[in-house]
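Note that subunit A is present in both complexes that follow, paired respectively with subunit B and with subunit C.
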Partner chain A sequence: MNELAFFINNVVIAGSVSGSIYAIGAIGVTLIFSIMRFAHFAHADMMTFGAFMVLLLTTLFPAAGASIGVPTAVLMLPLAMLLTAALAVGIDKTFYKPLRAHGVKPIVLVIGSLGVTLILQGLIRLFSGTGGQSLYVDDRKEIFRLALPFEGARAPIVITEPQIYLFVITLLAVVALHLFLNRSRLGKAMRAMSDNPELAQASGINTNTIVAVTWMIAGALAAIAGTLLSLDVTFKPDLSFFLLLPIFAAAIVGGVGHPYGAIAGGFVVGFAETLAVFNWNVLLRPFSDSLPAWLELPSNLAFVGTEYKIVVPFFILVAILVWRPTGLFKGKVI
Partner chain B sequence: MSSTTRPLIDARDVHGGYGGMNILNGVNMTLEADEVGVIVGPNGAGKSTMLKAVFGLLRVNQGEILLNGQPIQNLPPNQLVQRGMGFVPQEKNVFPSLSVQENLEMGAFLKPQNVKRMLAQVYEFFPPLYEKRRQPAGELSGGQRQMVAMGRALMAEPSLLLLDEPTAGLSPLYMNEIFDRVKQINAAGVGILMVEQNAKQALAIADKGFVLAAGQNRFNDTGAALLADPDVAKSFLGG
Partner chain C sequence: MSDSAKTRNPDYTPKDATQARRFPLRELILFGVLLVAILAVYAIMGAAYSTRMLVEAACYAILALGLTIQWGYAGQFNAGVMGFVALGGFCAMFFSVPVNDAFWGSALPGEFGRVLLYGAAAILLIVGASKLDRLGVPKPLRTFIAVVLGVVLYLVVISQLREVTDAIENQAGFVGGLGLPPWIGWIVGGALAGGVGYFIGHICLGLRSDYLAIATLGIAEIIKAFLKNSDWLTRGTATVSPLPWPTPGPAELGFTLSRAIYLSFTAVIIAVIFFLLNRAYNAPWGRMIRAIRDNEVSAAAMGKDINKRRLEIFVLGCILMGLGGGILGTFNSLFDPQGYLPLNHTFLVLVMVILGGPGNNLGTIFGAVAVYIIWIMSEPLALFLMQLAVSFGEGAFGWDAPGNMDSRALQARVLVIGLLITMVLRFAPKGLLPEKIKSHG
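Right, the complex of A and B next:
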């Protein structure tokens, strides 16, 4: 039964953690694509920016959360979401809007976003330093150990406080986004513009407003993803940047321009990663008696080593582009 | 001059086109508030281009377009919607992934307080849409899509409705249905300016017809007079 706990810890929980973060990141990427038709490479650094804002605010008011019993970083998250939304709108006004006004091809915007990513990363590094810093400044990271309700189960399921926040906040964000897109006038207008921008304009929808709202949502979601990731591990200026590939893989796997696809894609990529690096020897060992004698289980039976985890989303990305270029849900072909 | 004597739309010597090249070379067009105007002419005459120029989708380089006496040339489409214009493009005229009802709601985007009342009116006008209101518009047949497109434009309660080839690609049955609906919309007090390939049928319901060729007016008259004119018939209506 210890093997089961090991499996739950290393696959179910770890997969859900990466899956949630990829999903929230990919929703932002996919929304930006569906409204502005370009791949926004600076998205990961908007995530880092959000986490950095939380770090700053938490350092300024380290004890603020204790009074209501939540980690200060979680308390500061809404404020960081606002700041990152403002940053996203500001970046659009400064860099992307002038390019759009010239009627450039999408690839120019993509390259522009690479420039923005370098600027953001440099600026964050300048102020935060290059080392890792915990977002738990004044409070302690709780770790919960849940014993399995079986006899002989000694190894517990381990889940940390930030992971629980991650699951809850992801769920809230997804439900809120669903309601916004399907119930609100602005959300429907956003879907309309994604469907047919000319007709949206001919219906009297102010497309500039929709663009701004898209950036606000993408920025707020980026702040959530970056903060929850940094809470789970530590804040580093390049932490989110390395998630760019899995996030884009998630968006493409789900079908670009399709927010629900992005959620599904996020979890597909997250679980594929954890399943690929999982040591299956652990699960097979209990059955080693019943295996033929000539078959000796190697001690490490993972598909790829942990250090090569990054190839998994890359492989999924290639496979999807070859066999199902529109993604799991029908998205727009890039 | 009192507002009642001003024409609904008054286009004077309109020159315009895409990227410096003019397609329209001086088009004149006047339509009163309760009239149906039909633009006909050979391919490449600038019929749809003229409609797009009226709706601000294309640059007017010279001349002016007045809506109820106010100059509107080169205003962005969303402002024209605010001033009472509705536009139904020929192609891509629905939001395919939105439900029929959501498509209609988008038409009243600028007047959210009217959505309920106008939805009831549009459904009364196009009963098939009510049955399909939860279905994505992209799954509908061509004729039903045209209804969604016209319904969407009507949701804003326009005083002028611009239709770009509303019967293109439709079966004769739907074609008659659409012409009937156009007459009814007009009877409810909405001015109509439409481009049509089915020139004879369209001119039959037109108060005014504009025959364009090479971006200029060739004939302007009542619909009936144009139909009766042997020159028009010979050159533009296929004998």
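Right, the complex of A and C next:
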């Protein structure tokens, strides 16, 4: 049964962790795509920026969280979300809006967003240095070990405190987004604009407000994803290029412009990654006695090594573009 | 004069398309400034250093020409130049490095060939299984059989490959090279880059242009990850050096002269590429490419095969990038997979193209040389400015500066490149030397 615990730790929990992070990131990308019609490459750096804001605030007030019993980083998250939302709106006003006003092709906006990526990366590295830092400045990272209720199960299931926060906050964010998009007037206007911008404008929807709201939501979600990722591992300023591909793959798998699809896509990509790097030999080993003698299992039965993890989202991306470019949930924008 | 000519509105009369050529004042001024800058660098930094800078700038000019036909001629955005450059560099290394007798003298090449044969057989089997429906097998069952067979055979082949590559690493270090002249490696590197470009372009070019950017960004990281981690093929982080030059090396002629010969060698290649590209640009083929870029729908209505033409131009650009990467790799005389960075090999090239003038080959070459000089010179400048800031901060506020200021100063260049990209897109979207749009009346 130790093997089962190992499987749960390495696939179920790790997959849910990266799946949640990709899902939150992909929701932001897909929202921007559906309103502004371009792939926003600076999204991963907005995530890093959010995490960096949390790091700054936590270093400034390291003991703030202890008074109400949560890690300071989690307490600072709403503030960082506000700051990142403001940054996103500011970026749009300074860089994307003038380009849109010129009526450029969407691909020029993509290049512009790559420029913004570099600006953000440069700024973050200038202030934080290039090394990794833990977001747990003054707190201790709790680790829970749950024993499996089976006979002979020695290895426990390991789950850490930030992972629990991650699942809870992801759930909250998804429910809040669902309510916003379906119940609020603004959310409905957003969906209308994603369906048909001209018609939305003609029916009296203020498209400028919608654009600003979209950036605010995307920025806030990016801050959540970046912070939760950095809580789980460490804060590193150069995550972005490794996050971009899984996030875009998730958005495209789910169907671009489709927030619920993005959530599904995030989990598809996250689980695919962990399943691909998992060493299947571990699960087959208990049965090695009953296997025929000529079949000798190699000690490493993983599909790809961990160093090639980035191949997995790329493979998913290629597969979906070849077989179903609209995505699993029929996104509107191709 | 006929009646219709008299009554015709003079604004609509066709003008002679071969009107007198404009005096190229702008070009002259810009290249004059560039020449002055180069001379200044020579005067300050010495001949050997400056010649090295010029050779590297020339290699970047080839990369920039590759990108300008993709972005400038056809409006395709390639965000993964780095991957194609790295492929070219790898081929230059693999073909030119001396033969490793420890590998070829052992049983390992046979083992490796056996695994390759297994791989080929596995692919054949899977392709055969995917055609089973022609024998009357129901389609869902066929897909199931093909997928299961694919997974199992993949695992078998990959575990065999892991054993062989581990053996190569332990017994022979790495595969070694082929001991051929470097230019063979450059050509193969170009072909390999073109092949990867074909694969990506085939999938993405029929879809929205954003998808191409995402896919190229991904393939670049994958190529880098592969080259970095395949120690049996590239020695990975241990790096391979020295790579032999096709021209006499510094050991025989000294740094300045040997680099100058390499520079003239590169200059000839650029001149050939430039001439061919200009011919292609002005030929009916180039006109068609621009027509597709400017108005896809009307070009399709004219019966042009848009996706095929796009694929052609994308592959052509990738070939040039592979070639340029090979020349650059040989010149550096060091193959270090970790040295390939998106900033140095993708975004720097992008800045060269959009600043110089996308679609204008002369502008692109100007942009490449000018931006590379600025880039090289910004390193000491950034360090100097950071030192200044630190000493000012310590003096004025008693600020205790962190120790890694040098690496942070170099990060500031990331910021500058990003600012340049956004500023150029906004204020000079056509670059310093814009593409000349011909009007035919």
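Quick note on the criterion: the second predicted complex is superposed on the first by the 331 of 334 C-alpha atoms of A that agree within 3 Å, B and C clash if a C-alpha of one lies under 4 Å from a C-alpha of the other, contacts with A are read in each partner's own complex, and residues count from 1 in each chain.
The rule is simple: a contact is a pair of C-beta atoms (placed from the backbone, for glycine too) under 8 Å apart; a residue touches a chain by one contact, two chains touch by 3 or more.
Bear in mind that the values here come from a model prediction, so they are computed numbers and not experimental data.
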item: Partner chain in contact with A:L245 - subunit B first, subunit C second, else both or neither; value: second
item: Contacts of A:V104 with subunit B and subunit C, given as first, second, both or neither; value: second
item: Partner chain in contact with A:P62 - subunit B first, subunit C second, else both or neither; value: neither
item: Subunit B versus subunit C as contact partner of A:P156, first or second or both or neither; value: neither
item: Per-residue contact with subunit A, leading partner among subunit C and subunit B; value: C
item: Intersection of the subunit A residues that touch subunit B with those that touch subunit C; value: none
item: Sites on subunit B touched by subunit A in the complex; value: 55, 57, 76-78, 81-82, 87, 89, 92-98, 102-103, 105-107, 109-110, 112, 152, 156
item: Interfacial residue positions of subunit A with respect to subunit C in the complex; value: 38-39, 41, 95, 98-99, 102, 104-108, 110-112, 114-123, 125-126, 129-131, 241-242, 244-245, 248, 252, 280, 298, 300-301, 303, 305, 307-308, 310-311, 313-314, 317-318, 321-322, 325, 333-334
item: In the complex, subunit C residues that touch subunit A; value: 75, 77, 79, 154-155, 158-159, 162-163, 203-204, 207-211, 213-215, 217-219, 221-222, 225-226, 228-229, 342-343, 347, 350, 354, 402, 404, 407-408, 411-422, 425-426, 429
item: Residues on subunit A engaged by subunit B in the complex (per definition of touch); value: 185, 188-189, 191-192, 194-196, 198-207
